[in-house]
Amino acid sequence: MHVVLDNLDLYLEGARLTVELTLGSFALALVLGTLTAAARVSPVPPLRAAGTFYVETVRNTPLVVIFVLFYFGLPKAGVKYSPFVSGIIVLGLYTGTFVAETVRSGINAVAAGQAEAARSLGLTFPQTLGIVILPQAFRTVVPPLGSVFIALIKNSSVALVIGVQELTFQANHLAQATAQAIPVYLGAGVVYLLMALPSGWLVSVIEHKVAFKR
Amino acid sequence: MTAPLLADDLGPRGKRRALIASVVSGVVIAAIVAVAILRLSDKGQLDASRWEPLTRWSVIRFLLGGLVQTLKAAVVAMVLAMIVGALLALGRLARSPLVRWPAVAYIEFFRAVPVLLLILFTAFGLPKYGVHLALLWYLVIALIAYNSAVLAEIFRSGILSLDRGQTEAAYSLGLGYWQTMASVVIPQATRRMVPAIVSQLVTVLKDTSLGFVIAFEELLRRSQISGEFFGNPLQAFVFVAVIYIAVNFTLSRVASRLEVRQRRRYQAGAISVAGAEDLTVVEARADAATRR
Amino acid sequence: MRRRPWLTGAAAALAVALVAGACGGGGGTKKKAASTSAPTFPAGSTMAALQAKGKITVGTKFDQPGFGQKNPTTGQVEGFDVEIAKLIAVGIFGGTPQSVASKINFQEAVSAVRESVIESNTVDLVVATYTINDTRKQRVAFAGPYYLAHQDTMVKKDDDTIKSVTDLNGKKVCTVAGSTSEKNLRAKAPQAEVTLLPTYSQCAEELSNGRVVAETTDAPILAGLVQQSNGAFKLINAPFTDEPYGIGLKKGDQAFRDFLNNTLEKIEKDGQWATAYKDTLGKLGLATPQPPPIDRYPDTGGTAATTVASTTTTAKP
């Protein structure tokens, strides 16, 4: 265990990057996912098609492939970002698909009567969605969004393939250097656990706060 | 495509707005695509010379060989994970805390740790314990460790989703706990879980691509090798991305179909699992719900 | 093979040489064509076991131009490391490097797994740009070295600001995570901003995309990348460090190590080493060097020491 304690600063550095990646990309994913869900239920066909294309393509591609295509491929089209920013964008894009599906199921779960009532009051589509449907939808999809968040913490590890030195990278680097794979990787596992458990707890707290009082 | 939210027709103003939005969004999307194509073509990425190697049968066969390895790892991992997951689920549902708590600990731990870390652990940690295996097995063991935890939750939801009346009726007929499980609960639960299991297979297939960090020669690694050899990495990655999408999309569709068929035939509800990877099931449920 | 027309030329030249060698008088010139018969080995030795099995598994790189690169068209691995492995196999099974190729099972051994695949008996040998150093000697044994490489730096063609490794201080440099190249870079240019990626060709992509200004690793690996770049990159030719490449084998197998060292000395003396070099690395424009002297260091034997320096000061990100 000495090797873990002696290198705590490396673990913290990696964990810091993991947290930053996760929070940044989750914010992006929420925005992107909600917009996509809105697009997929809108009465505008090109938007529905684009939303479906985005979700089906990105969700069915391994995250590694998206990372590599984005980081090494886009510069060939003239678009270049640093590893960290690329990490946020790619993770946000990937997670956005899951957020989109979750929010969409939430939208569909809101009683049809709500949409009809809003329409009968003369609200436009954006107004219906924004004022009536989405607030209710979000309150029901908190648990699945929580799982998406925890999955994102884990997916951030894949960013090491474009050189982001997050927690798994640090653990791997340390394990190669000291040849003490077992305590090093176990230490990293524990750190991930320490990130996932409080997140899960936080999600249930939020869920209880926003749940519909029946 | 998905059904629009507003089931009724828009009025004249709404129709006009929707039309304008359609035209504008259509133009914007087309513009983005055009710019991307122009930029790529400028940098020579659309040159025939870069795409040519991917049209040769020998290269395609090389890449498909990687796909075979991917499928092999995925199927083996999935089958074994189902067995382990089933045992874990039963453990989780056990009455004795001595059996339950280790099961819970296992499930919580392996659902919190990244698969990448697990792969690195099995490939570099297990040999320290004297366990020496072919690369395929390190990847498979890591996948089993993670997916058995997820599948255990799927199985548990499946079993719990069954109407209490079923088990009560079984007990009233004099069946014991294990008999009830074997004859009544598990057969019905299994039918409900099939779509979720198929969706999980999609996740497993995607995760096999992480095997490249230990140089396991699956599809992604082979595309890297090919891309480096011919100097066309971007094209090689696009090629395999398409393969992944095709395979996974088909599997997801199969899962949705199974879900719908199940609702019709057995009036069985969808398994709702708290797991992001299983959101395809949530979607299927949503889709089914919209077809009111 | 569109990319290597000269390889076909080399093969043709070789064919001519073979015929010439057979027709000409005995002795002297390259004996590459001579088919050797399989020697007998003491019972119980690794060589005898391999002979009985009829196959040898060798770990090598699949993505290093010049040393070990898998050709997707043929499915075969090509390179200097591959040729060395074939010559070793000739020493076990007899025959020629061409005939013995079918008895070799090449497996990919990326840098990080080289010790593991030896320890786990997944492979019998590792010939994969494997630098000999003391840390690794604690887990595996080395025969050779069969090649002495030097670390160098690669930059864009028109970049004249970097002339030596110390110029890398304060600049963005790319290399592979956990490699000896990384350690050497940090030692010689501690203020360099290091980007760490999984493979060398990805580093080359970074250089091409302008996200880093230099890539550093062993010169022959860079030479392969320079050639693939079609003139976009160049080597600055300011080598630092000595990287002796060795053949990795199971620790404690003294008989096997002696056999390997003896075979290496033989092929270096009779010109086959030089031919293998010319056919592979020579194509990258590198002049054939003298092979380095074999280092028959005393192997401490037994299992790898568990007291690996539990230290700690590993490179900071």
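Should a chain be cited, it is by its letter among A, B and C, assigned in written order, with residues numbered from 1 in that chain.
FYI, a residue touches a chain if its C-beta (ideal position, glycine included) is under 8 Å from a C-beta of that chain, and two chains touch if they have at least 3 such contacts.
Given the structure is predicted, the values throughout are model-derived calculations rather than measurements.
Counting C-beta pairs in contact, the pair that comes out ahead of the other among A-B and A-C is A-B. Centrality annotation: B (chain centre taken as mean Cα position, compared with the mean over all protein Cα atoms). Chain A and chain C have centres, each the mean of its CA atoms, that are 42 Å apart.
Note on chain placement: the centre of chain A and the centre of chain B lie 16 Å apart, centres being C-alpha means.
The residues of chain B that reach two or more other chains are 124, 213, 233, listed in rising order.
For chain A, the set of residues that touch two or more other chains comprises 72, 76, 161, 172, 176. Contact with two or more other chains is made by residues 112, 198, 205 of chain C.
Of all residues in chain B, only 1-8, 10, 14, 17-18, 21-22, 25-26, 29, 36, 39-40, 42-43, 45, 108-109, 111-117, 120-121, 124-125, 128-129, 202, 206-207, 209-210, 212-213, 220, 233-234, 237-238, 240-241, 244-245, 248-249, 252, 274-277, 279-280, 282-283, 285-286, 289-290, 292 touch chain A in the complex they form.
The touching residues of chain A, counted against chain B in their complex, run 40-52, 56-57, 59-66, 68-69, 72-73, 76-79, 98, 101-102, 104-105, 107-109, 112, 115-116, 119, 124-125, 128-129, 133, 143-144, 146-148, 150-158, 160-161, 168, 171-172, 175-176, 181-182, 185-186, 188-189, 192-193, 195-197. Those residues of chain C that touch chain B in the shared complex are 3, 62-63, 65, 69-75, 108-110, 112-113, 116, 119-122, 198-199, 201, 205, 228. On chain A, the positions that touch chain C within their shared complex are 2-3, 6-7, 10, 13, 72, 75-76, 80, 82-83, 161-163, 165, 169-170, 172-174, 176-180. Against chain C, in their complex, chain B makes its touches with residues 53, 56, 58-59, 62-63, 123-124, 127, 132-135, 213-215, 217, 221-222, 224-226, 228-231, 233.
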